[in-house]
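Dropping the structures in below, format is structure tokens.
Look for subunit A in each of the two complexes below; its partner is subunit B in the first and subunit C in the second.
This part shows the complex of A and B:
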């Protein structure tokens, strides 16, 4: 059971974050929008990846469908942004169902490998779709209102985190965790694994697509390479695992920390930033394989022994 | 109970196997085995290692599909019913190789049984936890409910398996060597537990090597040898049968 103070702190932080646009600089707000959207991606990846134990590299496809759904609706049909988001979400949900039903029959590494091909496939499709601007892409109407985008991104992250909070306390979440721990045993105990896995992927696709739609409208430009970017998916995985997969606040904290680290590194030493960032991640995985959330859970009793124990336990 | 018994003279058959066969690439693991278990009845299954006992349980619980033959549950062929739906119908099992959900507490492990068991289980988390708590008290794990499942030792894991299956409110309970690795005192405790839940309308299939336990629990004992059924009768008769003794100990030298 989650302690009450964790929730109180989370609410206070969320409210405080909502006031950032009033006091922060333009760069800070823009950094905030990116960080909040990335946190949403990591949090939605957490639904199937963290709770269900299925490592997907295909979630960035839902991001791409979200961006294109929004872009196509707004540019080709002059529909309002809200409708565009809905179109993106529907596309992503259909995609998740179509992809999930066959691929989620695969287990473990085979599932991960199968999802790897999805980005390339979608990129090829959208590069040849005239309605999506083929390989040139689409330019969305310009709106200079970063405060709105910031608050939208914050609201989306809040909604996604509340969903994960519900999952962590519900029958649905128990089913997903049971699948993660032992899918066969879960089945003989009555968990409909296919239904749970596919619905988790669809649920994740909703938030991922909205994040994509917000980013498309904010950046006013969509093209196949940026929409179906598998490195974006790698970042979701890293941020979620860094923070603590299968926890409620781990992915959010993980992505905030990593976004900040990356931003600082990029500002200080622009060329070697990526290298150092990789180094930080390697250290994190070695010393705290269960993520930041597990470190925090240790609380006062935390010492260097915790990190040494992690190395011992997870040595191959 | 008594009123119901008076109106229904013959106890209803819960599970029936008709000539169940399982072949693994030519190797016959279970060879045309038929049996039936009625309400309130306990069938003990014994046989040397590799006799096909666990394969039989796997075919009933839905982890394996039979090569030939039929699994009939409450009068209906369930050959094509997936494992999770069989759980909803009321089939629960324990695993010989214990499979606790490691990332969960002991209580949560059993709550999964309550949440997803017969008829799709309990929808409310609070009620499921309550049910889980009751079964953990029953199986003697009442003081360990908040421990992580992987911190339990062997005997306690057996109890956990048992509690998980019971929390599913099964009509048919398949116990696959729940007493293996227990000391004699612990065996007696588990035998007493099983006796307590017997006669509550449930049909039970008990695979066990501990002959004393089989004798005191079973209404009938079925013996498997090389995948074939070589005996199916009351415990005393079966355990004295020369063919059974031979299967276990080898042929007496003359």
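This part shows the complex of A and C:
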């Protein structure tokens, strides 16, 4: 169970982060918006991926739907930003239900493979939709207010993390964990696996879509390639797994750490950053396959033996 | 006469176009252990799947006076029809305690702590090992854990599929003794078994199944002396 001080520290960190725009530079705030949105994506991926054990490469579709829902509502219909977000969320939820019901019948790698194709399919569809600006994309009205976007992103991450905290303590979360551990056994214990999995995907799609909508309004431009970016989904998976899948704060910490590492690398050695980033991830998978959260939990007892044991247990 | 707890009449079930159970009639009353025995492929597991509403079935299927026909699997579970699946199906990477908690995860009543106590008093071994990973225990302990997990759901009828599978006879005897305790605690048991000796040693009544049909039924005391049953299953040479 979660220790009380973890929660207290989390609240203090969240409050401290809220004051960053008052003191930080423009670059720092912009980095912050990106990092917070990425953390939200990793955290929402955690709902089905970390707790339910279903590795999805289709979550970037919900990001794209949120992006386009907001963009279409704001540019074609002159609706306010808030309404745009709602449109994006509804699109993503419908998408999650339509995609989830058939595809979540597949298990393990087969589910992952099936989700791989979704992103490309969606990109092809939106490239041919006149309402979405076809290949060219859409330009949203310009708003220069980075502080607002920062606070929105922070609020969204807080809401997503609170949802995951609730999941980790609820019978709903217990059911998801049961599905991850053994889906047949979960069925014997009265868990309606289909309902749990599809609702987890829909829940994830909500936060993912809002993140997409915020990013669209902030960057003022969407096109199919940036909205349905499959590497974005890979980053969600990496950040969540790096931090600790199936934990409450792991994905957030993991994505903050990786965003910072990437930013520093990109500033120092520009093009080789991606290469080094890959190297960091390989090391992380070899030495701490259960993520940062598991390393931190070791606390004072942590030594080099922990990392060696991971290598041995995973037969590397 | 009052309706039995589990009342199955003329049940037909199968997989797609392939029928497995034909016109099957079976009942379990309060306070008894009923054995369903038969060899491989007789349809024993299919019967449990039909009762648990995992596969569709035709015929009368009533539990505590309620028609189970239209219920989903979790509906049957929440009404107290709890199964201990063949091969245990424990959550191997979770501790014994977590496995037991999983059995109670749909319960909203305040009696969960009392259920833990009851399970631990029936299976003292589980209390000793409650912080251990379920996957690291012996087969017999895993079977105990699976039975304990099912009991945590507060069953009105416990259905056990192949309890003796892969276990040493000594362990099976221990588990059989616990079944008697479970019956004494007011929970009737439907025991589906290949090991006819074991099943007959605790059951009150028994059904013998062959290729999807009940071929013999009655009190265990009578079946033990039925020449056909003795010949086919108990293997006693003259």
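Worth a mention:
Keep this in mind: the second predicted complex is superposed on the first by the 315 of 316 C-alpha atoms of A that agree within 3 Å, B and C clash if a C-alpha of one lies under 4 Å from a C-alpha of the other, contacts with A are read in each partner's own complex, and residues count from 1 in each chain.
Simple rule for what comes next: a residue touches a chain if its C-beta (ideal position, glycine included) is under 8 Å from a C-beta of that chain, and two chains touch if they have at least 3 such contacts.
In this text the structure is predicted, and so the values were computed from the model without any measurement.
With subunit A as the common reference, subunit B cannot sit beside subunit C without a clash. Shared-chain residue A:246: touches subunit B; no touch with subunit C. Comparing subunit B with subunit C, more residues of subunit A are touched by B.
In the superposition on chain A, A:212 makes contact with neither subunit B nor subunit C. In the superposition on chain A, A:178 makes contact with both subunit B and subunit C.
Of the two partner chains placed by the overlay, only subunit B lies in contact with A:169; subunit C stays clear of it.
Of the two partner chains placed by superposition, subunit B and subunit C are both touched by A:187. Touched by subunit B in one complex and by subunit C in the other are residues 171, 174-175, 178, 181-182, 184-185, 187-192 of subunit A. The touching residues of subunit A, when paired with subunit B in their complex, are 169-171, 174-175, 177-178, 180-182, 184-193, 246. Every residue of subunit A that touches subunit C in the complex is listed here, in rising order: 171, 174-175, 178, 181-182, 184-185, 187-192. Within the complex, the subunit B residues that touch subunit A are 61-63, 82-84, 86-88, 92-93, 95, 99, 101-104, 108, 111-113, 115-118, 120-121, 123, 125, 128, 164, 168. In the complex of the two chains, the subunit C residues touching subunit A come out as 52, 54, 72-74, 77-78, 83, 85, 89-94, 101-103, 105-106, 149, 153.
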